[in-house]
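First the structure, which I've put down as structure tokens, then a few questions once you've had a look.
In order of appearance the chains are A, B and C, and numbering begins at 1 in each one.
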Amino acid sequence: MAVNTYLPALAVLIPLAGALLILVLPEDKYRERAVAALLTVSLNLIVVLSLLPPVMQGQLPQSPPLRLLPNLELTLRADPLSMAFALVAGSLWIFAIIYSLGYMKGEGGQGRYFFYYILSMSATMGVAFSGNLFSLYVFFEYLTLCTYPLVIHSGSTEAFKSGTRYIIYCLSGGGLILAAFFALQSLVPGAAFEPGGSLAPFLEGNRTMLAGAFLLLVAGFAVKAAVIPLHAWLPGAMVAPAPVSALLHAVAVVKSGAFGVIRVLYFIYNPAVIESLGLQDILAVLVSLSILLGSILALRQSVLKLRLAYSTIGQLGYIILGALLLTPAGLTGGILHLINHAFLKITLFFCAGQILKETGKSRLEELYGVGRRLPLTMACFSLAGLGLIGILPLNAFISKYYLIQGSLGGGKTVFAFVILASALLNAAYYLPVMVNAYFRQGTFTRPGGWETSPAMLIPTIILTACCFALGLFAHELSIPLAEKVIAHVF
Amino acid sequence: MHPTLTTILISFIVLTPLLGGGALYLLRKSSIGLKERLITVSTLIPLIITAFLYGPLRRGEELQKTFDLLPPLGLSYRVDILGFYMLLLFVFFGFVVSIYAQQYMKGDKKADRFFACMLLALGGCYGVALAGDFFTFYLFFEFMSLMFFVLVIHHQTEASLKAGLKFLFMTITAGVALFLSAVIILRETGSLALGQGGLVTEASPLALLAFCGFMVAFGTKAALVPLHFWMPDAYARAPLPAAVISSAIMLKTGAYGMLRVFGDVYGFSFLAGAGWAQPLIYLASLSILLGSAIALVQDDLIRRLAYSGIAQVGYIILGISLLQEAAVAGAVYHIMAHAFMKGTLFLCAGAVIRGMGTRKISEMKGAGHQMPGVMLCFSAAALTAVGMPPFNVFISKWYLSLGALEEGMPVLVGVLLVSSFLNAAYYLPIAIQAFFGVPAGHGDGQEEEEAFRQTAAARGEGQGDFKAGSWKTALPILILTIGCGAFGLLAVNWPLEIVKAGVKAFF
Amino acid sequence: MVALADAPVIILAFVFLASIAAFFLVRRNRRWGEGFALVSSILVFLTILSLYPALREGGPVVSAYTFFSFPLAIHFRVDHLGYSMALLISFLWVLAVIYSRAYMAHNHALDRYYGFLLAALGASLGIVMAGDMLGLLLFFELMAVTSYVLVIHEEDPPAMFAGGKYIYMAMAAGFAVFFSTILLYFEAGDLAFGSSGLLTDATPFTLAIFLGFLTGFGIKAGAFPLHVWLPDAHPAAPAPVSALLSGVMVKIGVFGLIRVFYEVFSIGLIQQAGWHRITLALAVITILLGSALALRQDDLKRRLAYSTIAQVGYIYLGLSLLTEVALTGALFHIFAHAMMKGCLFLCAGAIILQTGKRRISHLGGIGLKMPLTMACFTLAALSMVGIPPFNGFLSKLLLSLGALDAGAPAYVFLLIISSLLNAAYYLPIVVAAFFAPPGETGGNSLEAPPVMLAPIIVLAAGTFVFALAPANWPLEMARLIAGTMINHF
């Protein structure tokens, strides 16, 4: 039931306004900028939260569309899937801002940094609340553009090189989406997101076209989701400051790709159509390869952030695989993993950032014994790493559980094995990091006082606690939302 | 008892060691006396609570509850006779070993970490015994393994790290296999609860897959050949109390899990029909023979004990996989028998290694002259391992044999006897050369002993025989030694009664 | 008065407690400890003796007390067979303890020695008084461990080597008995003695039971081909222990076999299945091999040890002929051989202790220096050869009669050949001892101290007194037992 409200639009506009406010603040107004940034993201989270009750009651709050052309309108609308993504992004942004305040202390270009940081929140909210393919595309490109300055923030040659690669990949991905959008325009003008899509009646006679558009769309979003072989931009983008890597490249950007895939699969197409096109299995196999390859490549990295980046590739594969299973359990697993992985991976990136900030070291073999220098940081890192492996009672366990259920339910036991093999690989690349950090002799000494800035440490600890909470209290937190999405879609 | 009170009490069986471990970490700056008391209390409270559970259990009170935590199933506990038996065993050994460890780890720089992780691992073990479904089981199972990892690499040498990582990867693999199986079972049957009898009713390929997963998981933990690789290294590298905990408690969680899988997930009659357990019989036999044979050629005492453990757990798995009431009873009884026997051997080995300053068996000649009490206990435990009546292992061997005969496999009796003989061949020489063949005061370890005594005297402590050592060494050894044989001599073999009652529920 | 039924338990409890007490007493004060051990063993002997009236009046004494309660509790039961074994055992033990006082005077680790001596007594008594196979197994294993410590008492390399062989064979024996016991329990559901055969069918399964028992008890008895430990272990042990090993402990193996033949199986079953032929064949080989090898030994104690092997063959023979007379002969020979061989080993001990010589070729003229000892040795040796009026003659006579009863006169020849061999290896020692010129100068007497001589003389007397006395009490007992066992069927 559509309800008119300005809240979805506000979710996009508040960060935009906040970003502009930060832009006009003089560079040396650190305190004011911090207050402004925090206020913006908090306000935004309140807006998102206020959307939650109506959505959970089955309403679909919608802002008045902005009509550009006939059949071409920007629509912002909240449905359960939007809420899942928006809530994750909205809450993580607060932590990321606090963390950034600690991390960026003393660094130059803070005004620019926070401007784009908040701006990309607006884009992410736009992605989350997009009501049709066109809006999604627009916010998608918007996200690419406003994260680009963050990637090249350090201004080094390497950063520019990576930034160029990033923007080429993502814009090409966007191009694919746009092409598909045009192709579909003739059948479903506007391509609004409806549960089950609206393509079913046009299936006969348009199979090739539908299949082509489908592949284009999935490929386009898969670029952002860094599915191998479309992943090359992601490791390079790790030159960005840690909070950027954490939020954008582990959470917002890549997740918006995965989110887009889910939108395509369930809101433009639907399981029946896809099955009749017969594309889901081949894609699932490709994603499985991406999962395994990502994990194997992660194993071979000797730089901590790169290892985390490749791990992201593997984990993003889970979400897309879950969606591609086309079963309720699979999709539940995908959505839950979208939430859970966000919390875990941001924790890991935050920890990596703290390590880099405090020790200046990023190569794994330089990090032997770092647990002595950063005990709490490494504790959080270890817990989050264990969580990604799938250890109870951390949250990723639950999403993996649903993913395996989904693959068993579809009679596709092989994907269960993919997930398990990847879990083993996760163990193989996370455990040595932790073990070496704690138990190998290094040159590190114990810290006096705080091991790192509280502005970084405290968000990390709270996020770790959130990972536990999302595991232990999943019934209250993540699962109802996922179930709502399932109810909405199936 | 009021149900809520019971729930709180039962939760504290697991929570006490967990909180104790945490408190130990926080109190690491405080005095040794306080920390030791904390360790003792944290392991004693679970023992006391468990003892009090016996009454309600006998009265048939429902001791189970599901907490609405950790979906999809929720955490749950459930105490039935078998679970109570395992729990009692675990809390008892946890208590005894923690007493011993206090003395053993004295002077170790990282003792605080050791004890904190030991308490956490113990909490995990207790949780496994209390688990009411397989997800809860999995939770504590993994937790326990992770904590044990820290114990393995305690010394932080390259070799111990290697051993530890080997253990860690194998245990994670085990966890993943367990997870897969649990998901399959939940999907196929809609339940993972223990104590419901056979959940699986149809021999589908998925059920078989789950079965294999369970076996990989618990086989790894129980060091069933060919999944035993982690164990000898881990034992040899870990501080001795950790090896005792693993041997007496953690290996048993594997066996216990297997028992639950057989009894509660599939049901013994179902498995008998499906014939899936058949390969396990062969693997267990292989474990028994191979473990014993390899133990024979080890000169490192700890490694010998470790390989012997592989053989002994083979007994347990053999008994379970025979799918026959007497054999299963024998296996379950052997869980206790082996814990007492191997516990004694390990504790004595620790005392001897400290006393003689060597781990090589060939250098332990004449140990009995220096540490008569310890070596007497060792000898008694060695005879237990051989299966002499009236010690416990005799009883387990009896039931295992009876079960094998019921199943029409008398050759397995031969396997058990060959293994017993090998046990004799690798344990008795240790006992013999400790006392005989070397005149008193002329042992090979004499110099080391002297050197040790001097350093020990310099440190103001003794670690020789009971006289020289503290009661914290002597008492655990004595208690466990008595446990090796006492039940056989009592008018009523009380553990055996519990075992029989527990096993009966499956058939 | 103590309830008779509980006597076995009380005796055993007493012995085991006494063994612990002896250990500590000897450690504290040797003389007191030795005295305590002696008094304890005498007390045990007397207590067992005092059971006789009750046994004669009321038949087997079955103890109400049970222990080791797992599927079946172990209970005690003293029947005539067990009783006479117990009496024999405790009697020989008294002598061994007396003898040890002098023999072990300068030895080391006496606390351990006396402690384990008494513990081994307890284990042996436990075996013969056990009321079921499980109890028998329990004490059987216990005896293996306790006697091991006695065997290696000297702790020199030969003793350790012998001990190693012994303990592993004894363990194997225990496992074999365990194997058969569990099979028996599975098949029959009961392990208690006193019935006329727990098993009723001759199947491959029961044959396995039979063979298991035969292996287990055969090892202990030292019968071919499981005798390999015996020639090492018996000589390596201190003389009193050798006497006990040869005199009593090997008999316990035979005792077990008797239980197996007549109470686990039944002679009918054995006969029908023809399994007694296995033991007969073994008996023949054991007798010939033991005697032939004894002939080749120059070490006195080794020669005695091989002789023991041959003599156990006799008992095997009598046992497997399955006639009443032959069984009587076998049972009587248990007694007779205990006396003779006990005496011989104690004499050998005295010689070794006094002269330091172990080799027979060095013993020329020893009779002149140790006249009493060698006189006793002569008596026992003659009994071994089987000359009337010694016990040895009596048992051989009975065995021969039994062989004829069984329609197998060939065994009579076997006995005769063996007797000749016995003569061939015993008499030269005697002849050389008395008639060869002394190898060394010095006419001073090397006679053993009275404490050692007394047991030797008692045993030497035992080799013929009963044969001459009007009431041959051991023979009566053997008859009674054999009669009960054969006619039970």
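We take it that a contact is a pair of C-beta atoms (placed from the backbone, for glycine too) under 8 Å apart; a residue touches a chain by one contact, two chains touch by 3 or more.
Owing to the predicted nature of the structure, the values given are computational and were not obtained by experimental measurement.
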Chain contact topology (line, ring, star, complete or other): line
Remotest chain, chain C as reference, centres from CA atoms: A
Per-chain Cα centre nearest the global Cα centre, belonging to chain: B
Between chain B and chain A, distance of the C-alpha-averaged centres to the nearest whole Å: 44
Gap in Å, rounded to a whole number, between the CA centres of chain C and chain A: 87
Of chain A, residues touching chain B in the complex: 386, 389-393, 397-398, 400-402, 404-405, 408-409, 413, 416-417, 420, 423-424, 427-428, 431-432, 435, 439-441, 471-475, 479
Touch list for chain C against partner chain B, complex: 66-71, 108, 134, 137-138, 141-142, 145, 149, 152, 155, 157, 160, 163-164, 167-168, 171-172, 174-176, 178-179, 182-183, 185-186, 205, 208
Chain C-touching residues of chain B, taken from the complex the two chains share: 383, 386-390, 395, 397-399, 401-402, 405-406, 410, 413-414, 417, 420-421, 424-425, 428-429, 432, 436-439, 488-493, 496
List of chain B residues in touch with chain A within their complex: 68-72, 74-75, 135, 138-139, 142-143, 146, 149-150, 153, 156, 161, 164-165, 168-169, 172-173, 175-177, 179-180, 183-184, 186-187, 206, 209
